[in-house]
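A short worksheet on the structure shown next.
Chain naming follows the written order as A, B and C, and within any one chain the residues start at number 1.
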Amino acid sequence: MRKMTSIIQSSCSNFFFEYETPRQVLVRNRRVAVVCRIIQLGVLSYIIGWVFMYEKGYQAVDTAISSVFTKMKGVSYTNISEVERIWDVADYVFPEQGDSSFVVMTNYISTVGQKQDTCPELPDGKNKNKCTSDADCDEGKYKRHMTGKCVTNTSTCEIFSWCPVEDDRQIPDPPILQTAENYTLFIKNSITFRQFKVVRSNLVESVDQNYINSCLYHPTTDPLCPIFRLGDIVERSGLNFSDIARVGGAIGVLVDWDCNLDLSIRHCKPNYEFHGLYGTGKNDKVEKPSLGYNFRFAKYYVENNVEKRTLMKVFGVRIDIIVHGRAGKFDIIPTLMAIGSGVGIFGVATVVCDLLLLYLLPKRDFYKSMKFKHTEVQDEKPALPPSQKEKELPKE
Amino acid sequence: MRKMTSIIQSSCSNFFFEYETPRQVLVRNRRVAVVCRIIQLGVLSYIIGWVFMYEKGYQAVDTAISSVFTKMKGVSYTNISEVERIWDVADYVFPEQGDSSFVVMTNYISTVGQKQDTCPELPDGKNKNKCTSDADCDEGKYKRHMTGKCVTNTSTCEIFSWCPVEDDRQIPDPPILQTAENYTLFIKNSITFRQFKVVRSNLVESVDQNYINSCLYHPTTDPLCPIFRLGDIVERSGLNFSDIARVGGAIGVLVDWDCNLDLSIRHCKPNYEFHGLYGTGKNDKVEKPSLGYNFRFAKYYVENNVEKRTLMKVFGVRIDIIVHGRAGKFDIIPTLMAIGSGVGIFGVATVVCDLLLLYLLPKRDFYKSMKFKHTEVQDEKPALPPSQKEKELPKE
Amino acid sequence: MRKMTSIIQSSCSNFFFEYETPRQVLVRNRRVAVVCRIIQLGVLSYIIGWVFMYEKGYQAVDTAISSVFTKMKGVSYTNISEVERIWDVADYVFPEQGDSSFVVMTNYISTVGQKQDTCPELPDGKNKNKCTSDADCDEGKYKRHMTGKCVTNTSTCEIFSWCPVEDDRQIPDPPILQTAENYTLFIKNSITFRQFKVVRSNLVESVDQNYINSCLYHPTTDPLCPIFRLGDIVERSGLNFSDIARVGGAIGVLVDWDCNLDLSIRHCKPNYEFHGLYGTGKNDKVEKPSLGYNFRFAKYYVENNVEKRTLMKVFGVRIDIIVHGRAGKFDIIPTLMAIGSGVGIFGVATVVCDLLLLYLLPKRDFYKSMKFKHTEVQDEKPALPPSQKEKELPKE
């Protein structure tokens, strides 16, 4: 009876004075033991080595909020049919205000003095838009706005449009602004890891004003210099400058921050990478339709009270500055999450060992008898008589 | 004594030759057993079915870095008070260089020939800015720069400004460039999953140059065609083209990539969605202030040595191309994390079953006696005499 | 034999009718018990308090897709050498269409009437580009395109360029458009949490058209007003408006959404923050090279059949609207993940207690004997004779 009372006591008030721990069988079997210890050590070294050391599972992770400012420098000189011309940054960068995505003009087709007027379409060379009489030129039949007249000397329909129409059947080759490869690009990038209250600029400690005035980015000798030669950018992305300068193309400049904030902030430095975009790069296996990059823009002016424009079809290198920032710092939550999951996997190791012990070893029946105790009662059978129950309890 | 020695041995050198496994009671009770097996099967099927199959918990996940280039095509014809005019892409897209966010002009109020001068303010129609004498027009009183004169014939103050002032009291209706709905938009999108070193373009394998030349996006018949009719985009976002063309509006085109990289890369395809932005969409429950979208820009020119400008108040469809990329690929870490957590939840199942067994069943005392062994000693009591301790050990 | 049969039965068909639960020792030791209960309660309160309450570990998390539209308002008046001029939004915002990143011009150096011509370089004041004879001016020697002539009256080389060359040696001080601090910025921001199908605008329920017409953002009195005074933005980012207006600077306006979607959507509101970018802010510890922000753009025109341009070197406040959206909502997967990990950490608590019990307590040998049962057999030794085995089984 003393025992029964103590049981009742324990279940009620002794919660704080009693501690339960699982009873275990110590199996003296070298084969099982070695296998299990190896499994357990494997799990342990996985958790410590891989999750903690390599993947830094003890760190909370934040991605960066970033802001980019760019500035091109350089001048080009052209001499087209004895007309000399100088191109500076206000002439060849679109848009002008230093966005993270911009275009450097390397080639163009300009159509000077367009005004709203009627003029014949250009023959496309394949006689697709050829006309022989006015009947071929129904008003509104095509995408362009036709007047319904067929112009005899060009054998094409007359249209109402900005005239004269642009002739972009031939792209200038070599590109007009081939010297654009010597332009330089200056990138200012500021990132913020909000969770860790860290603000960081790509002009890190070792990059001061003197260094910026003289340096040029090189992956091994000057990996932190924020000034890039346009030709180098194109080449490092796996493209050929002459090709891209002629028909245009897009390049992604990736500013990659992978910071371990458990170390000094000075080690948090950007890494620059260059990729060809839109299926022109070497990593891409698509069939590469739509090579090139071009757009049209117009400079408007008024001449003798008539609005005119100079239409430019611009081919160029489009640069997209893409910032990818990731920082890790020790934090108790992911640490405990990782440990908790690790303990869970430890449980899997135990299950595997038990299966080995209970189903594969020759002496499995013996181990089973050691590990398991059976309650003899079943729902179908009458329960043990109280007397027997009383007797069994003291045994324990 | 032999036993004692073996214990000491085991605790020191036999770590590798001994394996411990918990002793367990096998409870022959259908009710408990069925409940517990069901709970365990539930947990197991949750882990396998939901975490592994549905949520792909065995995959590491990466979000995409992306780059977008856009190109509009199409021509509009207007005839305003007998002045014919053609609008092409250089006239109606802002900015011109093919950004991921741009505006297609659909309506405008133009004020031609503005120059720096003095002119009377426009009456606002509500007599709010009416003046009767110069005393009502204090210099610097209002936001505009007043000269201090009240102009008799308009009954408004004279201001120094770009004159004549813009009259935007009436928005042209129907919109001037209503035909903009037939313009087409071409989207080039390139995404990179850095973690998996995968580069992908929205011009996937089945989209070749021939297809692009002829196709038009349709959600069911041409879901991969990267060419979109402007009217379709507006309509699919739940808006009415005439409304949006008149006062302007913003639409988000979502390019959604959800890739399973355990399959062939060919199955990694974009999905296009269209949303009205800024509270004009049907999903938004806000009270919709500030409908419409407009901005002003100026074309500057010099006439007779006087700088003049044509001010345009542009209403248009603003398109924001938003890329959302997510890729999953098998990785050992998340797999083991999921398994580890799953084993942990298995532990919860066991706890629930034990509570059932030990507190709810009629024979709970019997099961308790099977499961628990008590150490009789307590700190308050004297420890068991050595003799008794010696006796108890062999029993085990 | 009855027992043996039941074992075979159980292992085959009775899987569903048998339930196993670990046998445990209840240790009556206050010291151990109290320590262990405290550890367990600590783990439990960590899981409930920290993971669930504070970190909301029961929520699935999504980041926002966002779209931003901005609109500046305000007029400036300048009077430079008796030339009056009014600057409105079409004059001072770049780009004009209301992007999330734009520049407000606050100062400029304009060079009117540039044309392609030859003219002498400007002396740099340090005699670095001084020439005494034509020999100092080799064609192509420098970055600019030289004609090879030394101009006597300026003692600098003649270049072919846009002439006259820009003189940016002196930045106007005070800034020409100092009154820009009174401009206002209106921000429209729309965010989408795709996973939860929630669309939200920064014009929340309490921000209606009347409120927008009259309000001005203030962190405490009007935290939701989407209209900001430019001077306030600059000041709140820790910079001085006069400085930034003179040489330019970049400011990030962070629209921060941290939404708990388990509550009403009305509580999902934006929070605005202001940061100086590019190393000019107070939080940044870098050495601040490259202060300031400027870019050049040109307005082209044709005069007497000669293409001319007005070059503007623009200094201004660059505003980057950065949206950071994060929403959490109850989800079964992260809940179970957290619980599973928690149970795993519980296991760690048990291990710690066991170490205490088995290695540190004075009566550790007694507890060991209670917890562990030894299998006497080893691979090297002969197995127990069947008779003994039979005897041991009934004991259990």
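The definition used in the following text is that a contact is a pair of C-beta atoms (placed from the backbone, for glycine too) under 8 Å apart; a residue touches a chain by one contact, two chains touch by 3 or more.
In this text, all values refer to a predicted model and were calculated from it rather than measured experimentally.
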### Query
Degrees of rotation, nearest 5, to put the Cα trace of chain A on chain C?
120
### Query
Same or different for chain B and chain C, when you check if over half of the residue numbers at their contact belong to both copies?
different
### Query
What whole-number Å value describes the gap between the mean CA coordinates of chain B and chain C?
15
### Query
Which residues of chain C are in contact with two or more other chains?
10, 17, 20, 22-30, 95, 301, 340-344, 347, 370, 372-374, 378
### Message
Can you tell me which positions in chain B touch chain C when the two form their complex?
### Response
3, 6-7, 10, 17, 20, 22-30, 32-34, 36-37, 46, 50-51, 55, 94-95, 101-103, 116, 143-145, 160-162, 250, 252, 254, 256, 275, 277-279, 281, 283-287, 289-290, 293, 295-298, 300-302, 309, 311, 314, 318, 320, 322, 324, 338, 340-345, 347-348, 350, 353-354, 357, 370-379, 383-384, 389, 392-393, 396
### Query
Across the complex, what residues on chain B touch chain A?
10, 14-31, 65, 67, 69, 71, 74-75, 77, 84-86, 88-91, 95-100, 188, 190, 192, 194, 197, 199-201, 203-205, 207-209, 212, 265, 299, 301, 303, 308, 310, 333, 336-337, 339-344, 346-347, 363, 365-370, 372-374, 378
